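Take a look at the structures below.
Both complexes below contain subunit A, partnered by subunit B and then by subunit C.
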Partner chain A sequence: MTEVAWGVEAWSEVRASLDSCIKCTVCETACPVAAVTELFPGPKTVGPQAERFRSGGHSPDLSVDYCSGCGICSRVCPQGVRIAELNSRARSELKRERGAPLRDQLVARPGLLGRAGRPVAPLFNWAMANSLVRWAGERTLGIHRRAPVPRATTRTFSYWVGHHSGPKSARRVVYFHGCSTQWYEPHVGRKVTAILEHNGYQVVIPKQGCCGLPLQSNGLFPAARKAVTRLARQLVTGDASNLPVISSSTSCGLMLKREAREILGADSQELRSVSARTYDIFEFLLELHQRGELRTDFKPVPLTVAYHAPCQQQNQLIGKPALEILRLIPGLSLVELDRSCCGIAGTYGVKREKYDIAMRVGEPLFADIHSEGPDLVACDSETCRWQISAATGANSVHPLEILHRAYGGS
Partner chain B sequence: MNTLDTDVLVIGGGSTGAGVAWDSALRGLHVTLVDRQDFATGTSGRFHGLLHSGGRYAVKDPGSARECAAENRILRRVAADCIEDTGGLFVSTPEDDLEYADRFLAAARAAGMEVEEVPVGVALRDEPRLNPRIRRAFRVQDGSIDSWKMISALLRGAQAHGATVLPYHKVVRVIRQGNRVEGAVMEDQRTGEEVLVQAGCVVNAAGAWSGQVAQLAGCEVGVRPGKGVMVAINHRLARAVLNRCHLPSDGDIIVPVRTVSVIGTTDHPVADPDDTECSPEEVHQMIEAGELLVPGFREARALRVWSGSRPLLPKTEGPAGAGDREVSRSHTVLDHGPRDGLEGLVTIAGGKFTTLRLMAEDTVDVVSRKLGKEAKCRTRTEVLPGSESHRFYWIGNRQQEAETDPPDDPLICECELVSQHDLDTVVARRPAWRLDDIRRALRVGMGPCQGGFCAFRVAGMLHQEGRYGRAEANSALREFVQERWKGVKVISWGAQARQTRLDRWIFEGVYDLEHLPE
Partner chain C sequence: MGTDAVVLGAGTAGMVAALRMAAAGASVLVLAEGEGGLPLAPAQIDVLGYRPQLVLDPLGELAGFLESRPDHPYRLVDQGEVAASLDWFLELAAPLGYTGSPRLNRLQPTAIGALRPTCLVPETMAAGDLSGGGSVLVVGLRGFRDFHAPLLAENLALAHPPSGAEVRARAVEVSLLGDPRDLRPQLLARSLEERAVLAELGREIRSRLEQEEVVAVPAVLGLERSREVWRGLQELVGRPVFEIPTPPPSQPGQRLQQHLFRALRRLGGEVRLGARATGYRAAGDRLAAVRVMTAARDVEIPADHFVLATGGIGTGGITAGPDGELREEVFGALVSRGGAPDQPLVEYMATQPLDRLGVEVDAQQRPLGRGGEALFENLWAAGAALAGAEPWREKSGEGISLATGFRAAGLAGEARA
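This part shows the complex of A and B:
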């Protein structure tokens, strides 16, 4: 593994990458946001071009806030310009200078909503489905009335963890489940644990907080840095300081792998250590399979599943390991949805002024889903699943839920 | 032959000439200013853009330091739109003598500069890319100044007070009546037509070329062109001007000006001020020198290299063998009447961009006395066109404006954010002869792609609007691309080499530039 820079140096490297831009415009043609709105001038314009006009002082451009942060630009750039990272940094400067609205402060803290919703989950879920409440939410907070919101649960994932005793094993992994599993989709965490245990692993699940990703994507860097540094500390507690860290949330996994370093310029011993050991769940399972260690005692799953690889999963540069694993399942009819972005980009598409843009971005994907008419849509990212379900009415699941089913789970 | 009558004929449209025109016009004199090319194409358009605090000269040349400190304050008052208030730092790098820092501080205070020592930690916090091994740091009132904006503002101001300005008018003959200069004949470089300008007084403000102009009048001015090489780096490496705190030498200043950082400079006597060749060795020297102020400097993208010729006038023609930095950077007004027995001619020689206003004041004091039309100089307080709001230029200005550009006003130059409307405005104000004239007015072609994506757009639009015929558009494009290439060829490595490759594919592969119809 090559040495990577951390802290201020990491950010300096990102900024210096603007020098590599040769104006080829590949990023502009790939950007899903610029393709549907004039409010966003495009990644080259807002990224390496605008960066030359930013030097301390105050932010000259507001349009950078219309970057969804999907990261496609950085991925397609043939010259290695860290366009999305530059944009993210510029947005944080903008927020630092002008302040972030209450709405951004709220959606950037998924645990807050989860904590508030849990004791009154049925009421909360009723309210979130109530058009009058949503209308009021749009008027007062600026959260679009049709934007997808997660469903609260009464039993958190950590509650389940407290009552779960898995088999002991010499082979252990740490599970980084993230906020969504904790507050909204504990079943995902249960299934991840079951799959890993089925493959002979003991799953260590430390008490853990938010990785700071939503804070980061809303430009609230100091809070995001604090969150991710704290999380890294939580993930190395006890005797778990050398184990693989498994993430089932693609964007949160990417935060630990790269974004804490490259976008936030965060740095700590624990963070360096955790970052180097973080795996996406399917990346980990595929490695097992390649070593011949993955159990393949699959039952047939007679379903048609359309798979969408989310942007933040693609940005991990690990290919589409979920597809490769799902292909092993007998009876499963798998369709690869070859579209770039669903539009939601974390919390971007829930905002009143960006909802329509996000919907237009996702339109080609939604159209494919409609024409394929699958039994299920599989997607590794929670916010993308919520967006896809809200936009198409399709039932969307994490691909590991299908794997879980193939292993005989329900 | 067309004949013009004027009080003052100014030869040279650089900072000095433009300053003289503005000062003369404000004193009620009728001025005609001519240049062999477009304005600001000589030394003024080829410097690093530093608005001196005086720090550079504090120890070695206290007179110049005092002048700079005072003029800096005045220019900030009257030309805010052309100036960016970057501030400056003088830092003692590990290679600099700490004892010099004490002398520097004392000399800077004696020169009337605003200077304060700042803790190293503070300097490094403000400038994260500054060498962490610096040992002392002093904050001064350096700034950066846009020479093209400044000269354009001076000329517009002069024109508003009745001045006539003639670009591309090269002096071919100086008209003498016995021991008196009475004017000059200019040839319009675009049409070949000659123009006679009869003047009460001729001011030779040709800077490094003033020796050549003096010769046309039949006298000698021993100006010695001193070549300095500069390299522009793609983006700002620092917010403030960074100076090494030591006796001035090569490559010890990094100036944040407009979108780039400029490192300068060298000092090399040349015979011909038009000698602007930059050798790979000189470039290498600059890049290596930058490393001392900003570690990692050599990895940054060098955009372009160029050189300019300082118009140095050694005292009594200068001691033989002395380096140019041994002579004062102050200016001298030479009245050729008492000096050479030749009336009607004044040469302003030496000096530097920062002191252009003072140079003009001193010159016009002499000129107006000779003309018997003495009036008080007004340039200390008269605000230049564009600077009425007294707001300094800020690096984010264009980005901020681009945010509000209507969608039907597309960007022509993406690197420097020039829109079609900007182009139309500039061309309507003053017809362009070369694409390079538009570059100086708008910075078209000065960004990372060095014209790769904008040159053909500009040429095409000017053709479409009927300002260029087909052949004119083609040759203007070819000439511009060649001109851009000159400043890139010696720094073609890394990202700029990849850019150059892409640009050449565009020009050769798409446009077949070499074979465009004449």
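This part shows the complex of A and C:
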């Protein structure tokens, strides 16, 4: 196994990668934001090029705030420069210098909105669909009136967990469900649990908080570090300290796998341990399948599904395991959408000043969805699903919902 | 379910090997630390341009060239197979309208107005062969700093094609997109896919056109719909139009890369970027798997056949340590100077010790170990990873990558049969 660096050493490696930049501009050609707006001059320009002006806690300009953090630049860089990670740090320095608006503080805490919405979910959902309320929200907070927002639910996922008793098994996994499953899409968590149990696993679901990703992408690093360190502690509770940790929220899984280490510079024994054994749900299922252990008692699913691999899923560098698993399902007609980014990038596209940029970034994807006209769009990331549905009107689901259906679930 | 072939490197050589193997029915996974040279290069296919005198018939002059350069990677591929690889590419790249013949070099202008020998070009550059002279209107775009039309036109007028014909050139600069201070090529390319912007460019050019036979524009005529944009502009202008490649980033290069990536996906293959190979597992004489870093840990990817197309020292396939030790990064294959001198030379532009650096291979393109034996029977090397070439001087880069990538796939196919 290749050892990965933690703490100061992890950041030093990221920082030192700057030296490898040969200014080839590959990242600038691949950047979906620079392609649609002049407000963002490109990852190389604001990163490896502007970094030299960032000594002594001074940011030369605001352009790095227009980086969406999709991470495509780091993935395409032939020299291994951690461009997105460097720019994420620069963005947090900018926020530290100039302060983060209340809006950023709010959207960075999905649990806050979820907690507020839960007791009054119908009212909350009505308000979020009300144009006057949304207009006011745009004027006062700067959340774009047409930006996708999740629907609140009265029953959280942990409520369901409290009433669920799954089969006991010697084969156990920990499920890291994330905030979206907890507050907005508890059905995703129920289906993950059902799929894992169907494959003979006992699913351990500890009480857990936010991974800190939205805090990180809004530049609020100290709070993000605290969140991810606490989460790691929660995930190793009890006798679950050596089990695989399964994530169904692809960007939150990436937080545990790499971003906490490379971007936040967070470090703890629990985090190191959890990080090394975190799996994307489909990465885990594909490994089962490769060992001949995945149950394939599939019922036909006579649907046309268009699959979009979100940026943070691609940044896990595990290929597209969801596609490989869905291909096993009889009757399913699967279309691979070959576009890089839907634009939303977590909370980027909900902001008043960035909404239009995000929509332009997603345009090619939306056009493909319109021309394919699928029954469903499948995508591993919740915010991308919300963006896709809001922009195209298509029904979007997590690919595991299709797998769940193939296993006979409803 | 399993992967038949793993290709390391997503540049021309890697993609060619991957595509040929996938077309033969193999399931192929391309792993690369990042994108290769494709999005930076002009997307013109060089085969052989100088030996050192100007080459007019690349295929015909290959044997003579190899006599003076016995260590050159072209020695690995016979002339028929070089031709076959180019024919195969022409068919593969037909949707981009590639044109040309390996028996005749074209002379296409560069961004500073030099005439450069190259072999195959996309349709959008086809009218740019100035071997027989011509009169050119060079159109610059204000605010686009990578294309200086007056400099280009002035140099072009000084160019002397061997035919003795005259090249006349005149520069104009037009404003587009409200004349911003700094126009980036990808934004220009995307904007020109909009009908209104293209119409504006067409009007501007037409109003400035005099007696010129052809119109040269920077290579920013669209990304996804370049042929449409190019045809549209030609209609608006009423003369043949051709693109001149700009310094990186290259829109034609991105078009070609996108085309190759998509072609592989259609054949069921996959390109996985951001994945650094960290090591391998051997089983006797065979390579069993490569190890690749994911976001959290490295994983093993087993396959039957492997192609090493990670490039040379410029792309990190080969590295030089502080002590001067040269190392091929994944397998520790034998690195050689490919016949270059072992001491630095003081003459201007002379070949230097590291100029031809690369991996040493046997006649079957299999990388050698330190002991001079093939490392593995199922690992082949291709492209800029190979020792012995100076593509920037010879204008041979794409030809080497095509021929050796094509052959690597052929050798893997034979081993499979």
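Just so it is clear, the second predicted complex is superposed on the first by the 410 of 410 C-alpha atoms of A that agree within 3 Å, B and C clash if a C-alpha of one lies under 4 Å from a C-alpha of the other, contacts with A are read in each partner's own complex, and residues count from 1 in each chain.
To be clear about the criterion, contacts are C-beta pairs under 8 Å (C-beta built on N, C-alpha and C of every residue); 3 or more make two chains touch, one makes a residue touch a chain.
Please read all numbers here as calculations on a predicted model, not as lab measurements.
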Comparing subunit C with subunit B, which touches more residues belonging to subunit A?
C
In the superposed arrangement, which partner chain does A:L132 touch: subunit B (first), subunit C (second), both, or neither?
neither
Quick one: classify A:C24 as touching subunit B (first), subunit C (second), both or neither.
both
Identify the partner contact of A:E38: answer first if only subunit B is touched, second if only subunit C is, both if each is, neither if none is.
both
Given the touch rule stated above, what does A:R258 touch, subunit B (first), subunit C (second), both, or neither?
second
Between subunit B and subunit C, whom does A:D338 touch in the aligned arrangement: first, second, both, or neither?
second
Touching A:A170, do we find subunit B (first), subunit C (second), both, or neither?
neither
Examine A:L62 and indicate which partner it touches, taking first as subunit B and second as subunit C; both and neither are also allowed.
first
Could you look at A:Q79 and tell me whether it touches subunit B, subunit C, both or neither (first, second, both, neither)?
both
Could you pull out which residues of subunit A sit against subunit B in one structure and against subunit C in the other?
20, 22, 24, 38, 41, 79
Could you pull out which subunit A residues touch subunit B in their complex?
8, 12, 16, 18-24, 38, 41, 44-45, 49-63, 79
Where on subunit C does subunit A make contact in their complex?
1, 29, 32-36, 39-40, 180, 182, 184, 186-187, 190, 224, 248-249, 254, 262, 265, 270, 272-276, 278-279, 291-299, 314-316
Give the list of subunit B residues in touch with subunit A in this complex.
128-129, 234-236, 239, 256, 259-260, 296, 299-301, 394-400, 402-403, 407, 411, 414-415, 417, 447-449, 452-453, 495, 498-499, 502
Please output the residues of subunit A touching subunit C within their complex, sorted ascending.
1-2, 4, 20, 22, 24-26, 28-30, 34-36, 38, 41-42, 74-80, 254, 256-258, 275-276, 278, 289-290, 314-320, 336, 338, 364
